[in-house]
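Presented below are the structures under discussion, each in the form of C-alpha cells.
In the two complexes that follow, chain A is the common piece, with chain B as its partner first and chain C second.
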Partner chain A sequence: MRPERRSFYTLAAIGLFFLGICLLEMYGSHYDRRVANLMMIYVILTVSLNLSNGIMGISSLGQIGFMSIGAYVAAVLTLPAGLKERWLTGLPHWLSTIQAGLLPAMVLAGVLAAVVAFLVGIVILRLQGVFAAVATLGFLIIVKVIAENWMSVTRGGRGISALPAYTNLWWTGAAALVTICVVLRIVKSPHGRSMLAVREHDLAAQSIGINAPRIRLLAFVVSAFFTGIAGSLWANLIGVVSPGSFYLWLTLLIIIMMVVGGMGSVTGSVISAAGFTILLELLRGFENRIAVYGISYILFAAVFMLVIIFRPDGVMGDREFSWTLLQRAAAFSRRKSP
Partner chain B sequence: MPIWGTGKMLQVTGLEVFYGNIQALHGVSFRVAAGETVTIIGSNGAGKSTTLMAIAGLLKPRKGQIKYCGRQVEKLSAYQTVRLGISLCPEGRRIFASLSVHENLTMGAVQRRDRKAVRADIDWVLSLFPDLKSRLEQSGGTLSGGQQQMLAIGRALMSRPKLLILDEPSLGLAPVLVNQIFNVIAALKNENTTVLLVEQNARRALEIADRGYVIETGRITLEGPSAALKNNERVKNAYLGG
Partner chain C sequence: MGTDFLLKIDALSVSFGGVKALENYRLNLEASRILGIIGPNGAGKTTLFNLITGFIRPDTGRVFFNGRNITRWEPYRIARQGITRSFQNICLFGRLSVLDNVVAGCQIRRRPSFASTLFRTRAFLRDEKKLQDRARHLLSVFGLEQQAERRAMNLAYGDQRRLEIARALAAGPRLLMIDEPAAGMNPKETQDLLDLILELKARFSLTIILIEHNMNLVMPLCETVQVLNYGRLVAEGTPAQIQRNPEVIDAYLGDR
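Now for the complex of A and B:
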C-alpha cells in the first residue's frame, strides 16, 4: 500500500474517532459518557504500562503510584480556592488562592509524575525481575502511606472531594490519542529497537554499545508521565481522590489489560483496555440483575485465566496493527468465502 | 609478526574483580599490541570471561588498571568503551532472536550515525560470512548455531572496532563450522584488526594467535609466543590433551 494512502486512512480513522466523541458528547447519556471516559483513561494507563513493562520489560508494580501522584497534583491545583483554604492548610499561600484549569493541571501532573519516576528509577532500575517488582510495589505503598498521612495537603484518608468535573471526552480522547502516537513513535524509533534489544539480552545489548540503564530510565519516565496525566483526568472525572483509589485493584486491572492485549503490542493494549472496560460494565449489569454481588470480579478473573491458558501471548502478541495487515486479512477472507 | 610491546593497544595491570565477596581475578596482567592476535586460554571458571567483561566495561574491577590506547578505561561503561573502539562478542552468541539478521547487524552499529558507511559495512560483514547473505530477512532465532555465531561476530564488527574481543567463538560448534569461524578470524587478522581471543579450543587458538596467556583460577600463570606455549609440557598436558 502506498504511504499517502496509509496516512489518508489513518487521518480518516482519527476523524471518525473524533466524530464518535462529538456524537457521544452531544447525544450520549451521562452513563455512556462516563464509561467512554473511563475507557480512554484505561487505554492511557495500559498503553503507558506496556511501554515500561511490556516493551521495555521492567517488572514494575508501582505504575499506579504515578497515577496517584498525578491525581493528587490535579486535585490540589483544581480544587476551588475557598475549599483549599479550609481543607488543605499546608499549601503555600500562592497555591491556595488559585484554581487551575484542566490543561495546566494535566501537564503538571504528568511532569511531576515523570520527575518522581526519574528519581525513583535511578535507584530502582538497577534491580531486575522479581527484585524490581518488589521494590516498585514498595514505591506504591509509600505513595499510599504518604497520601494517607500528609493531612495538610492530601486531607488523608478522607480524600479531596468536590473537584470540578472538567474532564470530558475531548480531553480523554485527545490524551489517549497522544499517548498512543507517542508510544508507537518510540517503539518504531531506534530507541524502541534498543529497548527490545535490552529486553532480550541485556548483556549483549550493552556490549554493542547500548546504554541500558539510560534506555530503561527513558521508558520508565515517559510511561510515568502519561500515567500521571491519566491520574489528573481521573481526578476531574470522578471528582474525588482518596488514597485507596490508587492501589492494588487498579494495579492488577491494568496489568491484566496489558497481558491480555499482548505485552509489547500497543494495539493489543488499546483493544484489551477498551474490551475490558465494556466487559466490566456488562458484568456489573448482570450482577445487579441476578443480585449476586461480587460475581462480576470472579467472571472477570475467569476471562483472564482463559486468555492466559489459550492465548498466552495475549490477543496481539507483540504485533501492531497496520493498514497493510488489515488489507491482507481482508484479501484472505475474500479468498476463503466464495 | 609484530614486535611485542610496540604500539601498545591494551595494557591490563593487576586486575582484581569480585562477584560479591568471591574474588574471581587475583591481579591479572597482560598486554595486546596493535595488530596482534592474542589468546587467553584456560579451563572453565578460570576467569577468562570475567577478564573480557571487565575490559569491555560490563563489570567494574575493584582494583587494577586497564589502559587502552593511552587512556584509563576501567571505570567506563560498555557504551563508552564501544565508542572508543572496543567491541566484545559475548559468549553464547546472544543474538536478538526476534530481530532479523539485517536488523541484528544494524543494531551492532547503534552508536554510528554515518548511515552510508554502515550500509557498506553490512556488505563487508556479509562478504566475511556469505552464509548470512541469503538469510538477511530471516529472524535471528531461526538460524543454526553456527550461523548465529557468525551473526554475533558480524554484529560485533559493525561498530568498526579497533579491538575485537571474542569470547569462546567456537563453543558448541561442529568442526566444519569451527573451521569457518577460525578462517574469518584469520581474515580479520590479515586486515590488521587487533583480536583478543578467549577459547577452550586451545589448539586452534594457539595456531592462530601471535601470543598467548594461560589463566588459572584468576591468575596468569604462563605467557609467551604461541609456538612456545604449544610446545610447553604443562600446556600440552592440561590443555592440548597430552
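Now for the complex of A and C:
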C-alpha cells in the first residue's frame, strides 16, 4: 500500500474518532461519557505501561504509583481555594489561594510523575526481572503510605473530594491520542530500537554502543509522564482521590490489559484496554441483573485466562496494527469464504 | 603513550575468587593486523575479550586504544571508541528482525535527539533512511539480504553466527573482535568464513582479533598468534613458529 494512502486512512480514522467524541459529548448519557472517559484513561495507562514493561522490558509493578502522584498533584492544584485552606493546611500560602485549570494540572502532574520516576529509576533500574518487580512494588506501597499519612497535603485516608469535573472526552481523547502517537514514534525510531535491543540482550546492546541504563531510564520516565497525566484526568473525572484508589486493583487491571493486548504492541494495548473497559461494564450490568455480586470479576478473570491459554502472546503479539495488515486479513477472509 | 599501536595492553590481570583468569597479559597490536588467540578451554581467551570490551574490569593493568587509556570504561563507551565484538554463545536480539539487529549497530554514530524523534523532522527521516540503506548494504555483504525481515532467532545457526559479525561491523569499528566464529561449522562453511573475514578486513580497513580453535581458520588468516594457557601468555609468534613451539604442543596435548 502506498504511504499517502496509509496516512489518508490514519487521518480518516482520527477524524472519525473525534467525530465519535463530538457525538458522545452532545448526545451521550452521563453514563456513556463516563465509560468512554474511563476507556481513554485505561488506554493511556496501558500504552504507557507497555512502553516500560513490554517494549523496554522493565518488570515494573509500580506504575500506578505514578498515577497516584499525578492524581494528587491535580487534586491539590484544582481543588477550590476555600476548601484548600480548610482541608490542606500544609500547603504554602500561594498554592492554597489559587485554583488551577485542567491543562496546567495535567502538565504538572505528568512532569512531577516524570521527575519522581527519574529519581526512583536511577536507583531501581539497576535491578532486573523479579528484583525490579519487588522494588517497584515497594515504590507503590511507599506512595500509598505517604498518601495515607501526609494529612496536611493529601488529607490522608479521607481523600480529597469535591474536585471540579473538568475532565471531558475532548481532554481524555486528545491525551490518549498524543500518548499513542508519541509511544509509536518512539518505538519506530533509533530510541525505540535501542530499547528493544536492550530488552532482548542487555550486554549485546552495550557491545554496539547502546547506553543501556540511560535508555531504560528514558522509557521509565516517559511512561511515568503519561501515567501521571492519566492520574490527573482520573482525579477530575471521578472528583475524589483517595490512597486506596491507586493500588493493587488498578495495577493488576492494567497489567492484564497489557498482557492480553500483547507485550510490545502499542495498538494491541489500545484494543485490549478498550475491549476490557466495555467487557467490565457489560459484566457489571449482567451482575446487577442476576444479583450474584462478584460474578463480574470471576468472568473477567476467566476471559483473561482463556486469552492467555489460546493466545499466549496476547491478541497482537509484539506486532502493530497497520492498514496493510488489515488489507491482508480482508483478502485472506475473502479467499476463505465461498 | 602507545601511539604507535592501535591497541596496547600492559600487565593486565584479573582473578575470580582466587582463580587467576588472566595474569600479566600484554599486547602491542598494530593497525590492519589480524591477531589470533588460541588456547585450551578455560585458558582465559574470552575473559580477555571481556576485559578489552569493558564487560569485566581488570584488577590491575591498563588498556590503551588509539593512544587513549580505556581501562575501566563502560562497554558502550568502548564500543563508541571503535571496538566491537561478536559473542561466543550467540547473543542476537532474537525477536527483532535481522535488519533491525544490524540497524541497531549502524545507529551508533548518528543518534537523533529525543525531540527530533517526537517531531519526525525531515532530517530524522533522512537519517533513518540512511541507516536502513547502510544496514541492507551490510546484509548483502554477508549474504543475508534475503533474510532481512525474518526474526533473528529463526535463522539457521551459521547465519546467526554471521549476523553476529554483521551487527558488530555495523557499529563501524576500527578493531573487530570475533569470538569463535567457526564453532560448529563444517569445512566448507569455515572456508567461506575465511574468505568473508579477509574481504571485510580489506573493505572496511579493519584490525581483527580472533579467538578460534579451528586451525584451518587461524593459520591462514592470522599474521600473529598468541597462545594462552591457565591465564598466562605462553607463546607469541607467526603461525609457523607457533606450530613448532614445544610449550604450545604441551598446552594442547599435555606433557609427553
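In the analysis below, the second predicted complex is superposed on the first by the 337 of 338 C-alpha atoms of A that agree within 3 Å, B and C clash if a C-alpha of one lies under 4 Å from a C-alpha of the other, contacts with A are read in each partner's own complex, and residues count from 1 in each chain.
Rule of thumb we're sticking to: contacts are C-beta pairs under 8 Å (C-beta built on N, C-alpha and C of every residue); 3 or more make two chains touch, one makes a residue touch a chain.
Everything quoted here is computed from the prediction, not taken from an experiment.
Colleague: Assess the superposed three-chain arrangement around chain A: do chain B and chain C clash, or do they fit?
Modeller: clash
Colleague: By residue count, which of the two partners contacts chain A more extensively, chain B or chain C?
Modeller: Partner with more touched residues of chain A: C.
Colleague: Quick one: is A:V145 in contact with chain B, with chain C, with both, or with neither? Answer first, second, both or neither.
Modeller: Neither: A:V145 stays clear of chain B and chain C.
Colleague: Looking at the overlay, what does A:I14 touch: chain B (first), chain C (second), both, or neither?
Modeller: So A:I14 meets neither chain B nor chain C here.
Colleague: Once the shared chain is lined up, is A:I122 touching chain B (first), chain C (second), both, or neither of them?
Modeller: Once the two structures are laid over each other on A, A:I122 reaches no partner at all.
Colleague: Figure out whether A:M305 sits in contact with chain B (first) or chain C (second), or with both, or with neither.
Modeller: A:M305: touches no partner chain.
Colleague: Which partner does A:L218 reach: the first (chain B), the second (chain C), both, or neither?
Modeller: second
Colleague: On the A-aligned overlay, A:A81 touches which partner chain: chain B = first, chain C = second, or both, or neither?
Modeller: A:A81: touches no partner chain.
Colleague: Identify the partner contact of A:V182: answer first if only chain B is touched, second if only chain C is, both if each is, neither if none is.
Modeller: second
Colleague: Using the superposition on chain A as set up above, list the residues of chain A that contact both chain B and chain C.
Modeller: Dual-contact residues (chain A): 190, 193-194, 196-197, 200-201, 203-211, 318.
Colleague: Can you list the residues on chain A that touch chain C in the complex?
Modeller: 182, 185-186, 189-191, 193-194, 196-197, 200-201, 203-212, 218, 318
Colleague: In the complex of these two chains, what residues of chain A are touching chain B?
Modeller: Residues in contact with chain B: 190, 193-194, 196-197, 200-201, 203-211, 318.
Colleague: Using the touch definition from the top, list the residues of chain C that touch chain A in their complex.
Modeller: Within the complex, chain C touches chain A at residues 53, 55, 74-76, 79-80, 84-85, 87, 91-96, 100-101, 103-105, 107-108, 111-112, 114, 117-118, 120, 124, 128, 131, 167-168, 170-171.
Colleague: Where on chain B is chain A touching in the complex?
Modeller: Spelled out, the residues of chain B in touch with chain A are 56, 58, 77-79, 82-83, 87-90, 94-99, 103, 107-108, 110-111, 152, 155-156, 158-159.
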